[in-house]
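Should a chain be cited, it is by its letter among A, B, C and D, assigned in written order, with residues numbered from 1 in that chain.
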């Protein structure tokens, strides 16, 4: 009677969509909780919603664990671990009330990963990544080298003129990533003529390089889709 | 005698271009109206132009409604509704003079949609969207998750150092969208070392992901064009 | 003895490269001339270099005019007009010394167009443009509509909170282009919650749309290159 | 017994990975050295690590030089020169202690190039570059012309209003590169209506042009990968 996926894990049918909705709601409630001027009533309501959510997810986890054949497949599969991590922080923080451990609640965000569960498209992405893997790694490496060289270069040009903003190569890396990603926050800007000319050439060379990987991946994905249809 | 498109809607031939020009002019006049130091004479002239425009569009609407066979095809078609919406706000605001309802005049912008009417290219775009739909939705989802995780991450790193700018996860979402879209306004910038390192990795992972959908769509469009020629 | 291109215009062989170098030099000298604290000696030298350049280009123009068969082909061809425009402003400004006419010297920049002369690659670009023309025009139109709608939208959200920066729809267009092009200068930034949410959605929809045309053109260019090899 | 690559240069097997790790470590130590408030103990430790690194690399260089058959192949190959440059600055700066020559230590960064050694993927990149060379050069040229014209254009519009920021065409080039690369630092922004309208059109035309080369290169790389598989 129970539907099972190719790994023997149980599928709850339409109820799965309910779980997805609950995950999104719990993520929104998590964001609302951080609002600075939240009334105590709201705070209480959110705390209760959190409790109910964890209860439902715990039940779901136990059910999945019991219904899966063979049982260990689920417990040690990627999603089994994610499901556990999504509920574990609640028991840890309420049981011991260690406020400093609250940061671990961020792990509850792994629930999000459930959202992409069972998606067939994900496998195509995986295949596209395999097709373009070598190129992506190589280009990633080139980008890293470029970032490092940009940071060292700007350090030599700007360190004396702006000893605060360009204090070390690490500070310069912040400038390099903000510049080569074209974000350009504007908090760290070269002021010397040398630094500006250097930035000029770095941008001309760098932007092209940084933009290639996504083009590569898009074309690999087209390939994967075509071979899917054949 | 009258030309009709495939849905039986009447085409006015060369006069259609005149309508298009009128739409663009009315949009410009709408923008000019918002200029803060406009002389009363100009304001009056624009008001009159608005009146004339609405009159012409009303006549056009009535004509289209009467000449279409079967008549209901136009009235309930997408463009029929857009045409109605483009003239309705004028009658509502002048008839009752409710200043607060003026915001609805924004709907007059739907006239713009007329500009893309009858375009054959639009159907190709629709087909390209269908080809790449799954990938686009999946990547849209991944981008949303990435945005959310970035916002929560930067919240933990920057909230204490900048309680104003990074007040809640929602405030951090504003930072996340400005950063991952590479806009980088520069009004909200991480200052802690942790926040900067986090931004560093988010940018390296994120920019590639965010740029893929447009590459996907471009390649799907090439596909659609090729199959068009076969 | 004289080489001629397919339109009967004379080619000077290796000397053409000399002309190209001279064009680049004259462009640099034009830029140097605008430096605020330039010594009178330098200024004089640049003025003399400008004179020599114009003399050489004038001689070149007359030679080309005389050697071309039939002569009118050159005089009324695109490059013939560009060559004339590149030297004309000098005679106009020195003959009459009308300082206000100096702005016309910007036309001397058309000399740059000479740089792309005779290039075979240019024809491939032209063909790629023809292949993707419909899509490019359509997407250009969509981008324009998006820009306009973004400007009007942000006007309604931000005008009251920031009546200076978002004074009119035209001011908002400046914000819209800086945002949708991902430049994000940071001089005009939404501050209201509504404006930020609006920007959020505009960026998600808009960046994808704005980035598609260059992907389209790149793939059309690949097509043109392939058909070149066949 | 000794492995040799196709040019007769010796390969040390698994030890090569150790060299790679050492290169990355020496690059990090180089960055750490620039930190402003580093304790003398740390500074001493880094100096010693630098000494050990150079010693190892020197030994490696001598070994490679001796084991290579024919010997000159290595000494005059690209990587032989890079390897020499990676260790030479150390001997120069410590031997003579010329502090001003320290800038040459930047050359030590060439060690990074070792990281991409022996990679097969690199050859594919080279081939992709050859496929798209003409287009890349042509587009590079067009981008340069666009940058120059943008700088001159904005100079005429903004020079009078902002004589400091837009002091000369060279200052305007800084604005042009920051704008057309979509970085948008926000340190130099047009304020006149004319300058803003000019920026508007430059962005619409320019961003498309600037983004094409990376799309071209990505598609050429896909081509090179496909022909690899055939």
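The criterion applied here is as follows: a contact is a pair of C-beta atoms (placed from the backbone, for glycine too) under 8 Å apart; a residue touches a chain by one contact, two chains touch by 3 or more.
None of these values were measured; they are calculated from a predicted model.
Rounded to the nearest 5, the angle that brings the Cα atoms of chain C onto chain D is 90°.
Comparing each option in B-D, A-C or C-D with A-D by residue number, the pair that reproduces over half of the contacts is C-D. Chain pairs B-D and A-B differ in how many C-beta pairs are in contact, and the one with more is A-B. Under half of the residue numbers at the interface between copies chain B and chain C are found on both sides, making the touching surfaces mostly different.
If you average the Cα atoms of chain A and of chain B, the two centres end up 29 Å apart. One simple way to say how far apart two chains are is to compare their mean CA positions; for chain B and chain D this gives 40 Å.
Touching two or more other chains at once are residues 173, 182-186, 211, 215, 218-219 of chain C. For chain B in complex with chain C, the residues that touch the partner chain are 27, 30-31, 34-36, 103, 106, 109, 112-113, 115-116, 119-122, 124-125, 143, 173-174, 177-178, 181-187, 210-211, 213-215, 217-219, 221-222, 225. Those residues of chain C whose C-beta lies close enough to touch chain A in the complex are 182-186, 215, 218.
For chain A in complex with chain D, the residues that touch the partner chain are 134-135, 137-138, 141-142, 145, 148-149, 151-153, 155-156, 159, 163, 167-170, 173, 179, 182-186, 189, 196, 199-200, 203-204, 207-209, 211-212, 215-216, 218-220, 223.
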